[in-house]
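Per-chain residue numbering starts at 1, and chain names A, B and C are given in the order in which the chains are listed.
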C-alpha cells in the first residue's frame, strides 16, 4: 500500500498573456510526490522548471498565472486559494530554497530574527520557545555554536553556511514539502555535495517530500528518487532516476544524458543536441522537440506529442520512444 | 538647411521627438517664449520703462476692461504706475532669459575648462578642483548664489549697484552651477587621456591638449546639452527666486521674479493680475524648459541620471 | 569604523575652516572690520583696543586665527544696521527658524516616506500615478510661488490662515516658542507646508524608487516564500533596506530646509534667521552674513556627520568593512 502523495499536480498550465498572444511556459504538467520522496525536475533554462515550482507555492509574478489544472497538497486543493490562505501554507506546509544564498537572506536582519519571525508566524510559540527552536534548526543543518550564531548577520557566514541557514529557514516550521530551486548552482563544487547530502538526510528523516529543480543531471542522479525531464513547458519523460539515466525513452532525455559529463562516462565524446529550445512564445506545432529530434517523423511535426500514459511503460511523451534491450 | 532639417526629422532622435507630446509641447512653448523675449520691443504695445509714455491715471486697470479715467484698454491690465502688464512681462521675460542663458553659458565654460584641467593634469590639481566642487555641493546652489551676490554688493560702490546687478546675478548663478559640467568633462578626459592617439601625439612631441579637446568635446556633447538644458531651468528659477527675494534684478530692470515680488504686494487689495500673469509666465517657462531637459536626458542618454 | 569616522571628522573641520576663511575674507576685506565690530558709538580707545585684539597690524593668518577664536566664542561683531551684537540678534531669531524647520522636516519625512512606500507597494493603482504626476509638478515649482499660491487660497480667498508672522509666542527660558499658543500653531501651517513640500516630494520619489528596487530582491521573494505577512515584508524587510540611500538624501534635504527657509521666511515675513540673512544681503550687513554663513555650515557639517553615524546603525555590513578599510 502506497501512502497518498504529498503533492499532486494535475494538468497544470501556466499562461502569460501579452500583446502578441498568450504563451504557456508550463503546459499540461502532471506529477505526484510521495512523502519522503525526492523528485528531480531537470531541463534547460526556460523549460518551465522554476515556473512550475513557483506555481505550486503561489508565487508567480504577474502577469503569469495558473490558467488551468489542479494542485493538491496533502489532499487539499490549493491552486485557487485566496492570497491570505496561500500565505499561511507557504513556509508552514511548503518550504522553499532559492538558488543564491548570498541574496536570499535579508542583509540587515540577524539570522536569529529571521528564523524566529518565520517560526512565530506559523507556530503558536512564545518568543523563548521559538528561540530554542531556531537554535535547534541551526544545529540540525550543521551550523556550529548555533546559539551564538543567532546574533550573526548574513554577511558573517560563508556561501555554503548561508545556504544551510536558508535550508534551516525553509524547514523551521516543518513543512511537508520543500521546493528547492537550483539550491547548489551558486555554490562551490566542493560545497555542493554537502548541501545535497544535508537536504537529502533532513527530508529522509522527517518524511518531507522534495521537489528538486535543477539543470544539473549530476545533482539529480545523486539525490533524486524519480526524475521529471521538462522540455519547452512540457514533461518529456518521468520515471525512476536509474531507469531514466541508463535507459532513457525520450530522445531529448537521451540527448540530455549524453551531454552530461558525469553520466556519459565511457562514451568517447560528449554528444550535443543540435539547435536550441524554442521560446515559450514560439513553440512549433506537433512535438516541441521535433525540429531537433534525430528520430522525428512526419507524425511528430504534425501531431502534438502523446501523453505519458500513452507510452507502454508510462514514462515518455513520445510517438516513437526509444527501446533498450535489457 | 531644409535638407538638414529633413535628415533630423527622419533620424532616430527626430522620431522619438515627434512621438513625445510632452517634448513637442515644451519645445513649442520654450521657443515661443524665447521668440517673444527677443522680439519684445517689437511686440510690446508700450515701453514700460520709458517714463514719458506712462500715465499714472492708467494705474490698476483690470485686464480687458477700459480704464475708468482714460478709457484705455489693456490686454493683461496695468500695475500701480499704469505700466502695461503684458509689456512688462515681455521685458521681464527678456531679462530672465538673458540672465539664465548667460549664467548657464558662464557655468558651462567654467565647468568644461576646470573639468578638462582636472581630468588632464590629475593628481593634486584634480584633487583640489574636485574637493572645491564637493564643498560647494554641500551647500544649496541658491545659498551660494545669494552669498556671491552679497559679496559683490559689498565690493561694488552703491551708485553702480543697479547697473551691475544683472551681471552680478549672471556670475553668481553661473558660479553656483559649474560642478555637473566639470564632472562629466573630467570623466571623459580621464578616459581619453590614455588613448593611443594621445600617447602618439606626446611621442612625436606635440602638445596633445588641442587634439584631446577636439576628441573629447564631441563625446561629451550630449551630456553637456542635457545638463545645460536642465541647468537653464534651474538658473531661471534661481534668478526668479533671487529677484523675488530682492537680491536680484533691480526694479529699474525687472525680471519675472521682480515682477512677482511687486505683484505680491497687491495680492490682498484685489489686483490679482499684477501677480498672476508674471507668475504664470514664469511657470510656463520653467516647466517647459525643465521637461524639455528631462526628455532630452531620457532620449539621448538613458544612463545619465 | 573609527578610522572612517576620524577621516570624516577631519574633512568636516576642513570644510569649516574653508567657510571660516570665506567669512573672514568678507569680514576683513569688505568694508572696515573695526566698524564691523564696534558700530556707531565708539571711542578712540575702543578702536585701539579692538585693532589690537583683532591683530590688524599682524600677518593675515594670525588675524584669521583670531577671527576664528572670536567666532568660536560666539563673538561675530556688531550688525551695521541694528548696531547690536550679531550673536544677540541671531539668538533672538534662531527659535523661529528652528521651529519652522523642525515642523517642515518632520512633515516632509513622515509624508515623504509614507507616500513613497505606498506608491511603491501599489505601484499600478491610479492613485499612485496621480501622486507621481503631482510630485513632478511639485519638484519643478519654485518654492516662493507655492507660498504665494497658498497665501492666495487660504489667506486671501478662504481667510482661514494668517499670511505672515509667527502669531503669539511664549518665552520659555529665553526661547520664544510658537508651539504653545493657538495663533502660533496656526501661523506655522502655511510656512511649514511651503518649506516642506519640495523636500517631501524629493524624499517620496527616492523612497519609492529604492523601495521598488528592494522589492525585486531575492530576500523579499524568500520572505514571501516563508509565508510572512505583507505588512512585515514591506515595513520590516523592505523599508529597512531602503533606508541607507534615503538617509543620504534626507540628511542633505534637512540641511536644505534651513537654507530654503530664507525663501519661505521672506514670503511669510517669518521673523527667523533666513529673513535676517536676506535683509543682511540687501543692506550689505557683512557681520550678519558672515555669522549666518558659519552657523549654517556648522549645521550642515553636523547633519552630514549624523548621517554617517546612522549608516553604521542601520547597516551591519559597514561596521565590518569600514573597520577593515
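Just so it is clear, a residue touches a chain if its C-beta (ideal position, glycine included) is under 8 Å from a C-beta of that chain, and two chains touch if they have at least 3 such contacts.
Small disclaimer: the values here were computed from a predicted structure and weren't measured.
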Chain contact graph, described as a line, ring, star, complete graph or other shape: line
Most remote chain, CA-based centroid, reference being chain C: A
Euclidean distance of C-alpha centroids - chain B vs chain C, Å: 26
Inter-chain centre distance, chain A versus chain B - centres from mean C-alpha coordinates, in Å: 60
Whole-Å gap between the CA centroids of chain A and chain C: 54
For chain B, residues that touch 2 or more chains besides their own: none
Contacts with two or more other chains, residues of chain A listed in rising order: none
Footprint of chain B on chain C - complex, ascending: 15, 18, 22, 26, 30-31, 137, 140-145, 148, 151-152, 156, 163, 255-256, 259-260, 262-263, 266-267, 277-278, 280-282, 284, 286, 289, 293, 296-297, 300-301, 304
Of all residues in chain C, those that touch chain A in their complex: 217-219, 221-230, 232, 236-237, 240-241, 314-317, 320
Complex interface listing, chain B residues touching chain C: 135, 138-140, 142-143, 146-147, 149-151, 153-155, 233, 237, 240-241, 244-247, 260, 264, 267-268, 272, 275, 279, 282-283, 286-287, 290-291
Complex contact set, residues of chain A against chain C: 57, 59, 87-92, 95-96, 98, 100, 103-109, 117-118, 121-122, 153, 155-156, 166, 169-170, 173
